[in-house]
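Everything below concerns the one structure shown next.
In this document, chain identifiers A, B and C correspond to the written order of the chains, with residue numbering beginning at 1 in each.
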Amino acid sequence: MFRKLAGIYNYLKHKSQDYFQSEQPQEEESEQEKVPRDIQKVKQKLAETFADCSDFVLRELKIGDDSQFKVILAYFEGLTDHEIINNGILDPLMIESKKIGIDRRHEGELIQKIKEEIINVGEVGEADTFTRTVEELLAGGTVLYIDGQGTALKFDTTAWEERGVEEPQTESIVRGPREGFVESLSTNISLLRRRIKNANLKFKVLNLGVQTNTDVAIGYLAGIVNEDVLKMVEERVQRIKIDAVLESGYIEEFIEDSPFSIFPTVGSSERPDKVAGKLLEGRVAILCEGTPFVLTVPYLFIEAFQSSEDYYNRPYVATIGRSLRFLALIITAALPAFYVAVLTFHQNILPFELLLNITAAVEGIPFSPFFETLVLGTAFELLREAGVRMPKPIGQAVSIVGALILGEAAVEAGIASHPIVIVTAVTAITSFILSPLLEPLIFIRLFLLVAANTLGFMGMGLVIITIFVHLVNLKSFGVPYLAPFSPLSGMDLEDTLVRFPLWAMLTRPRILAWREEEGEKYRLDANLIKKEE
Amino acid sequence: MIEEAKISGYQLGMLIVGFVFGSSVILNPAAVAYQDAWFAQLLAWLGGFVLLGLYVAIYLLSPEQNLIETLREGFGKYLGSLIGLFYIWYFIHLASLVFRDLGEYMMTVTYTETPLVFLIISFSLPIAYLVKSGIEAIGRTAEITIFVIPISVLITVVLLIPNYDFNSLQPFLEEGLTPVLEGAFNNLSFPFGETVIFLMLFPALNEKDKLIKASSLGLFVAGVLLITITLRDIMVLGSNIFRRAIFPAHLSTTLLPAEIDQLIAINWLLGSGAKITVCIYATVKGLAELFKLNSYKLLALPTVVLAVGLSLWSFDDLIGLLRWSSEIYPYYALPFQIVIPVLLLIILLFKRYLR
Amino acid sequence: MLKKKIILGIIILSILFSTTACWDNENVDDIAFVTGIGFDKSEEGMIEVTVQLVVPTFLQQREQGSDEEAFWTISFEEETVFGAVKGMLSTVNRRLFRNHIHIIVIGEDLAREGIIDVLDFLERDHEMKKNAEMLVARGSTAQKVLQAQSNLEDIPSIHLTDIMENANQLAKLKQKDLITLLREINQQGQSSVIGTVQIVGQDGKDEPAEEADNGEEALLLKDMIVEGAAAFKETQLVGWLSPPETRGYLFAQGEVIDGIINIDNPHDREQRVSIEVRSAGAEPEVELKDGEPRLSIEVWATGNLGEQQGAGNLTTQSDFAELAKELSALIEEEIREVVDLAQQDYEADIFGFGELMRREHPDYWQQVRGDWEQEFSQAPVEIEVQTTIRKPRMIRMPTRPK
């Protein structure tokens, strides 16, 4: 089984590009047929293509002075704006076309005439291939097929129900903008454009998903972005050939550097200000139609500790926040394991009075600390899952019932001890501080727990070193995952455990976007820096 | 054999710190000199600088070449390869000794019921993974872990201040210079002379101009740490207990007011881990060089398994290990650490300048 | 390669899982915490080890008002200490965990025979805490001391340890922990002094002692007094130091941190004045004159006027000088007493002059190291004490009816 998996992985990593490149042309040739001249054929084809599509609307009209031209107007209900179609297309076609006098003589320039004199819709275009028109229809356009012409007209009538821009649910902050990305790609792009009003902000739009045809945009700031990273992102994104891209998570899994690692090497955010900040540091953003989660690469370990709020608050506050997050990482990863190691191996490390209290509390519990920790940890994960899945008001009730009542009852019943409830609760609370590392931390906690139960602190040390080795091996789009700690990059330490004042962060992250040229490497005005020097 | 991955000067320095600190801090080889052990260590440390200078000179005379290549250049293809083979044996044997030191230490002070095999295999797995990941990973792992050693040494030194008795350091040279020289000789071969192994690592350095600075700074820090620990132990335990204890550094950490000796033990783990990793890396690199293999990474796991096996079979008991490391080892290591490098240097100098 | 990696990972994990709860893994409720350990010589000449164990459950219940004692003592006789500690497992259901031993008590009989055999186990054992405090049970056995109940603390060993820390404020008890004792024994020509615990008023003055289960009277710690010291020659008990002698010894060692010394009121010889000695130091010195050792102890101390009884106002410079002189004389007398005791009665160098000699005159030391005790007991010892009185504390002059 592993051989098979590894095969697929290697294939995706190295060979897929050649494979799809050789395959693609044939596919395109067969489907790139022209729009049939005969309107009946068009009708037939459309009916075939959109069989059982109840929201597909096909109107046969006759236009011209004496209704001599047969046309077909096609669109999807729900994807399009009725008002535009009625007032901008149907109305003019049926009324105006009779007034301006189109007859047989104009057959050659019919399309031109319709486009220029009849239709009053903003965006009008031509499409020669049938496939193109189908794509247009699916994207919310309206297509006009005209009898006897090899070309169809397409109008942009896109309008579908959208969620308004709201405060993001996942990354709430106290100070900072309340806007979050929405499901619409164009809105998301505009949200970024509003923040970076710069012609260098580029978005390359691709179409992914063989079945879904989802629009995906690769955004970057030309002049700051590392060209190698950008090229790598483009290559990897273009290589994706799957049926569906329903969320940016689909893309994430295909472009990761180490698909088998438990650590995320692609970041995602719901906050436009955060993504804008990442773009300004030289990262590449991948926006996907249909999801508010925008991917940013390269993603480094340190980013789990950085919150966009850090840059809106004063540096001292931000620094305290960073330190607390590091502390939270240690607590949430190692506290249960530490507890087990102390209780089963290193009983001498606790002050004697504390040890006696804990022993008195543990006395009479039939299970080993390891088993207890494991069970309570699992119970907590179950509660968390339940809290997420349930409707919000009930979810809260579940958490309260689970945490408070069950925990207390378990202690009363002598199934669990008080210290372990405290340990599990502290671990659980701190685990939410580092939401990007939530999943890897579950694994690390488990590894450490098992190691602590086997060899105490030494086992924990060995597991931690193994994790370090793994982290050192990890790269995100060619950038070492642990940068700037390893390899040590002195200048980049300004934004790690300590957040320097903004005016003291002179250069852009060296590891992401290093430029030798004087003018390009500074965040601040280069002249100012020179003057200071 | 061209290797793409490189390590920085800082990483090399950290590796040297970890390597020298290594297992020599667990079993203090200078303890034979009683209260003058610090002086013996100081002499050994100075000697260590001389030896490191010798090794650096050899490398600078044959830049971009690792030890095996230099040996071949110096002694000819066949003799050089043979000596190279001996060196590889020395490296893997060293790794097995450190495995055994660490295993015995852990088994004596904390994990008294756990079988030695299990302990040693547990250490070996991360090391195999690390060596398999290549020299870059080794350097970078050292970069983010070794710094813990000086910090924890500092913590213990400060926390033990109430226990210090400066009189323990007197009388100076009570039994004359002989025990001091004996301690210094032991200590020179273990660990300072063992830095000969870095001749296998120097070619991986990417900042060539930092070679001398990085390696001498690494040795400096390691020596300061070792001497600090020796002074601390003598002052805390008194020269007699210091000499009689098998693991003096551990014994003095058990006297810490907060009983964190188990956490301090992570220190020894890191140092010994760095030492074993360097040894295994040098072994696999040398083997790959000797047998013209394309990649050394495949050899990592078999070599680790071999070292683990050696460590288990070399000695029957702790006393055997202690006797070996204090009485036989210095003479065993002499040709590898001093005789052959000096010969090699002379030959290289001859070839470079008198031709 | 990847397949191997994953399989290796699975093997590692399965090893880890299959070996969990093995070997050194020992749940905290499977071990018994030993807080105090005592050694006696049994009638058959074997070593009798007494341990004081904590019962954590009772400890918690006591906080809620239960009368159950939170500790338990058990004795076992064996040829070796280790044998006894292991032998107790036939009575105690949990392994004896020795890392939290606070106090080591040695019975007088054993101390007179020599404590070296006991110390070997304590030093060799990896679990034994090396900074546990040492006490000698004067006139009784370690077993009795460890069995005594405390009215203030749930665990008597902690009560005893706390008393030993009080010694700082009292200067009547020689505090010694295991590692220091081991160091001293290893030093050439040094004899040790260990604090003592003594049972007084055993028959109950205020309150009859509680009836224990076996019908014997259970002792209470309040019937005991922890002061004075036991002098050892090498590792054998040779005699006792009374509390004043202990204070003299502590002055000679420079270990007095806080102590009260009562001297005569210079204006009213019938009445007493108490001086609070706040800081003291000492410097023993050795020199060789014509190949003969000459020893000296220089002591300095500063104190405050702590209490005045009797007539007159002592808060004047001249009176302070007078008080200092009296204080010096008293301290010198105390030191002299203990020096005489050590030289003549015990012939044991408890001051560490030999070690000093070794450091400063190694050549001479090499000649006499065999019979240093002899040399020591004949060497003249000079004692010089300098004291100053600093402050009258809160008042300028005492309250007196006008």
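Here is the rule we go by: contacts are C-beta pairs under 8 Å (C-beta built on N, C-alpha and C of every residue); 3 or more make two chains touch, one makes a residue touch a chain.
In this text the structure is predicted, and so the values were computed from the model without any measurement.
*Asks:* Can you tell me which chain lies farthest from chain A, using the average of the Cα atoms as each chain's centre?
*Replies:* C
*Asks:* Report the chain ID whose CA centroid sits closest to the centroid of the full protein CA set.
*Replies:* Per-chain C-alpha centroids compared to the overall one single out B.
*Asks:* Taking the mean of the C-alpha atoms as each chain's centre, how many Å separate chain B from chain C?
*Replies:* Each chain's C-alpha centroid was found; their separation is 42 Å.
*Asks:* Between chain A and chain B, tell me the centre distance in angstrom, where each centre is the average of that chain's C-alpha atoms.
*Replies:* Once rounded, the distance between the two centres reads 48 Å.
*Asks:* On a C-alpha centroid basis, what's the spacing between chain A and chain C, in Å?
*Replies:* From the centre of chain A to the centre of chain C is 68 Å.
*Asks:* Return the residues of chain A touching two or more other chains; collapse runs of consecutive numbers into ranges.
*Replies:* 345, 348, 455-456, 459
*Asks:* By residue number and range, which residues of chain C touch two or more other chains?
*Replies:* Only 19, 24, 99, 129 qualify.
*Asks:* So which bits of chain B are touching at least two other chains?
*Replies:* Residue numbers touching two or more other chains: 110-111, 114, 125, 259.
*Asks:* Across the complex, what residues on chain A touch chain C?
*Replies:* Interface residues on chain A, with respect to chain C: 2-3, 5-6, 9, 260, 343-345, 347-348, 352, 355-365, 368-370, 450-451, 453-456, 459.
*Asks:* Okay, in this complex, where on chain B does chain A touch?
*Replies:* The touching residues are 8, 10-11, 106, 110-111, 114, 119, 122-123, 125-126, 129-130, 133, 137, 140-141, 143-145, 259-260, 262-263, 265-266, 269-270, 273.
*Asks:* Please name which positions on chain A make contact with chain B in the complex.
*Replies:* Result: residues 345-346, 348-349, 455-459, 461-462, 465-466, 468-470, 472-473, 480, 482, 485-488 of chain A touch chain B.
*Asks:* Which bits of chain C are touching chain A when the two form their complex?
*Replies:* Contacts found on chain C: 2-3, 6-7, 13, 16-17, 19-22, 24-29, 31, 33, 35, 54, 56-57, 59-60, 97, 99-100, 102, 129, 158.
*Asks:* Quick one: in the complex, what on chain B touches chain C?
*Replies:* 108-115, 118, 125, 165, 167, 170-171, 174, 237-238, 240-241, 244, 251, 254-255, 259
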